[in-house]
Amino acid sequence: MSKTRVEAFSDGVIAIIITIMVLELRVPHGTDLDALKPLVPILLTYLLSFVYVGIYWNNHHHMLHMTSRISGMILWANLHLLFWLSLVPFVTGWMGENHFAPLPTAVYGMVLLGAGLAYTILQATIISDQGERSALAAAVGADLKGKTSALLYASAIPLAFVSEWISDAIYVFVAILWFIPDRRIESRLKGE
Amino acid sequence: MSKTRVEAFSDGVIAIIITIMVLELRVPHGTDLDALKPLVPILLTYLLSFVYVGIYWNNHHHMLHMTSRISGMILWANLHLLFWLSLVPFVTGWMGENHFAPLPTAVYGMVLLGAGLAYTILQATIISDQGERSALAAAVGADLKGKTSALLYASAIPLAFVSEWISDAIYVFVAILWFIPDRRIESRLKGE
Amino acid sequence: MSKTRVEAFSDGVIAIIITIMVLELRVPHGTDLDALKPLVPILLTYLLSFVYVGIYWNNHHHMLHMTSRISGMILWANLHLLFWLSLVPFVTGWMGENHFAPLPTAVYGMVLLGAGLAYTILQATIISDQGERSALAAAVGADLKGKTSALLYASAIPLAFVSEWISDAIYVFVAILWFIPDRRIESRLKGE
Amino acid sequence: MSKTRVEAFSDGVIAIIITIMVLELRVPHGTDLDALKPLVPILLTYLLSFVYVGIYWNNHHHMLHMTSRISGMILWANLHLLFWLSLVPFVTGWMGENHFAPLPTAVYGMVLLGAGLAYTILQATIISDQGERSALAAAVGADLKGKTSALLYASAIPLAFVSEWISDAIYVFVAILWFIPDRRIESRLKGE
């Protein structure tokens, strides 16, 4: 079974997700600077979510590059990841419009955690299909970065009720952590 | 005539359908748990429709994989399927926002029935184009699963006026039935 | 210059156009049949426009199939066609929500005429690039069908102010005329 | 690392950007010419932005055509460009709905400047990856056109507060300047 359509479909869904988020930036009625002010937190959240979805796209790109074969299980694990990513525009809008209030900030973390776990499940499904000796298994290794991120998201959820700024700082920190495409895979590809 | 563009176009349309459904999850104005409550039935309907559209994408993927040649008739049968699928976001929103009221629940079943019949027509069009001895014809066989689903949708429509929960249970049951990609085709592909 | 990306980009734009039209079918607040009634003309217009966009996609598919080379002029002629097609959701919504009132019906015809002319320009651009002896030039011939459609659209625009039903009948008639993918090209492909 | 998915993803995002702009053309409630009048500036801005996004797509198409290899840096430089382009629908709607008022006109210029700089950064990233002797480096040369455009955008931002028409004229002028796909690259391709 070819992976071309899985890539094409995922590209389509991720492209739409990353683009419809901008629809939350509603055109203001005024034409002065005051009209733009309420949009600043929305723009910042949009930027954060854009980077997150971009990271997922980059890593997905790398992971499927190392995948030789698609099974029915992989198709569903992939759709599961896309489901969580499709909730990102909603939580982005909710957090942005409410100036990073505690509950929206916590729910944002839940969706990031869900997407992170879905990515890990997809990765494990591909590795279990390709064997522990596959290039992907070697490249992922103990997946410390994935586990650290999940822990950080999980701690950001309750911490949003202490102070939303702690959680926001965690989200920004994890984004920076992943900003660079997975070097483990990239260095492996170069060594090929 | 190549099938690449038919796949690409279908991927595009299905990717948009699966993603714009999430726009019905409108950002609430409040920031407490009460603000999220009315979204629960919308989220559940979204999840159900996401799984349905995912099933259609998976099966479409498998079916076109076994299709060697595209004719004008197949193009239109494919567009006919996409038309019914494009109505899914509308009925999803209507059913979700009205807490599974009888009429929206029945109309949801009509759209599922329409999509199911359109899929059967597309399948029959491809088989008639490729011949009864084609791999797809052998894989589909008597298509018991397709016929059962159509019967179940057709019964769910009037039953929504008895109790919408019966219909909802039928929709969930059919989704589970199809959850796994068409093993008939998949096992055939492995035997290749 | 490869035509893959031109096809992919056009597929993307047309897939989005055909799908966002359904957003005009707004979820009604009521849950009885009365709530659905105002949606009937919108659904009918959606169906008509879906068929039109489907026809354009099919013919575009056939035309590019016979195109070997993409020039800068062809890129812009293609974008020009996509521009007119992108106005279809707007005029579809306007005509549907106003129960086929005269002005929206006339403007609908203007957009169809614009798209038709843009298609003819794209076709002429490709033929002029490939030479009068190319397969496409032979397949298109005198393009009677294209010219007839343009004349019919042009007459439907003023006729909408006499009676909108005449114009609507013309739109349905032209759609039927084009429903079948361009046999001239298809028969030629079979003869290859 | 293959460039197919980078092209496919960029095509998807740009296709969505160019198409969702038309959603700002909201269906009017009236059915006479007066109902269309307020849409005229929105339609004009839409046309301008459509041409701009079309120019970016064309040039992106040409540039990636000359790119042999994709690195992690290039992926992010590409996403950075897509981020700026994704803001185009927002500023298009804001400028169009406010009849080209000074601040929206200036912000429109800022987004064009941002997209222009992002394009230059992407170009420089690709050239630095491929070496100064690559075909792309030769084709781009001193990039006078890119530098001129950036200067013109930068001057249009403050000039919007003198008279918005000056800025609008600059935007139209730069669009005309770029209307033709990059001849430097195209002529080079022909010479291959």
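When the chains are written out, they are named A, B, C and D in that same order, and each has its own residue count from 1.
By our rule, a contact is a pair of C-beta atoms (placed from the backbone, for glycine too) under 8 Å apart; a residue touches a chain by one contact, two chains touch by 3 or more.
The structure displayed is predicted, hence computed values, not measured ones.
Asker: Between copies chain B and chain C, are the contact residues mostly the same numbers or mostly different, with half as the line?
Answerer: different
Asker: Roughly how big is the turn, in degrees to the nearest 5, that lines up chain A with chain B by CA atoms?
Answerer: 90
Asker: Let me have the rounded angstrom distance from the C-alpha centre of chain B over to the C-alpha centre of chain C, please.
Answerer: 26
Asker: Taking the mean of the CA coordinates per chain, how far is chain A from chain C in Å?
Answerer: 37
Asker: Quick check on chain D: which residues sit in contact with 2+ other chains?
Answerer: Residues 8, 12, 15-16, 20, 23 of chain D touch two or more partner chains.
Asker: Would you mind writing out the residues of chain B in touch with chain C in their complex?
Answerer: Chain B reaches chain C through residues 1-2, 5-6, 8-9, 12-13, 15-17, 20, 23-24, 72, 75-76, 79, 82-83, 86-87, 89-90, 93-94, 97-98, 101-104, 107.
Asker: Going by the contact rule at the top, pick out the chain A residues touching chain D in the complex.
Answerer: 7-8, 11-12, 14-16, 18-20, 22-23, 25, 27-28, 31-33, 36, 47, 50, 54, 57-58, 61-62, 65, 179-181, 183, 186, 189
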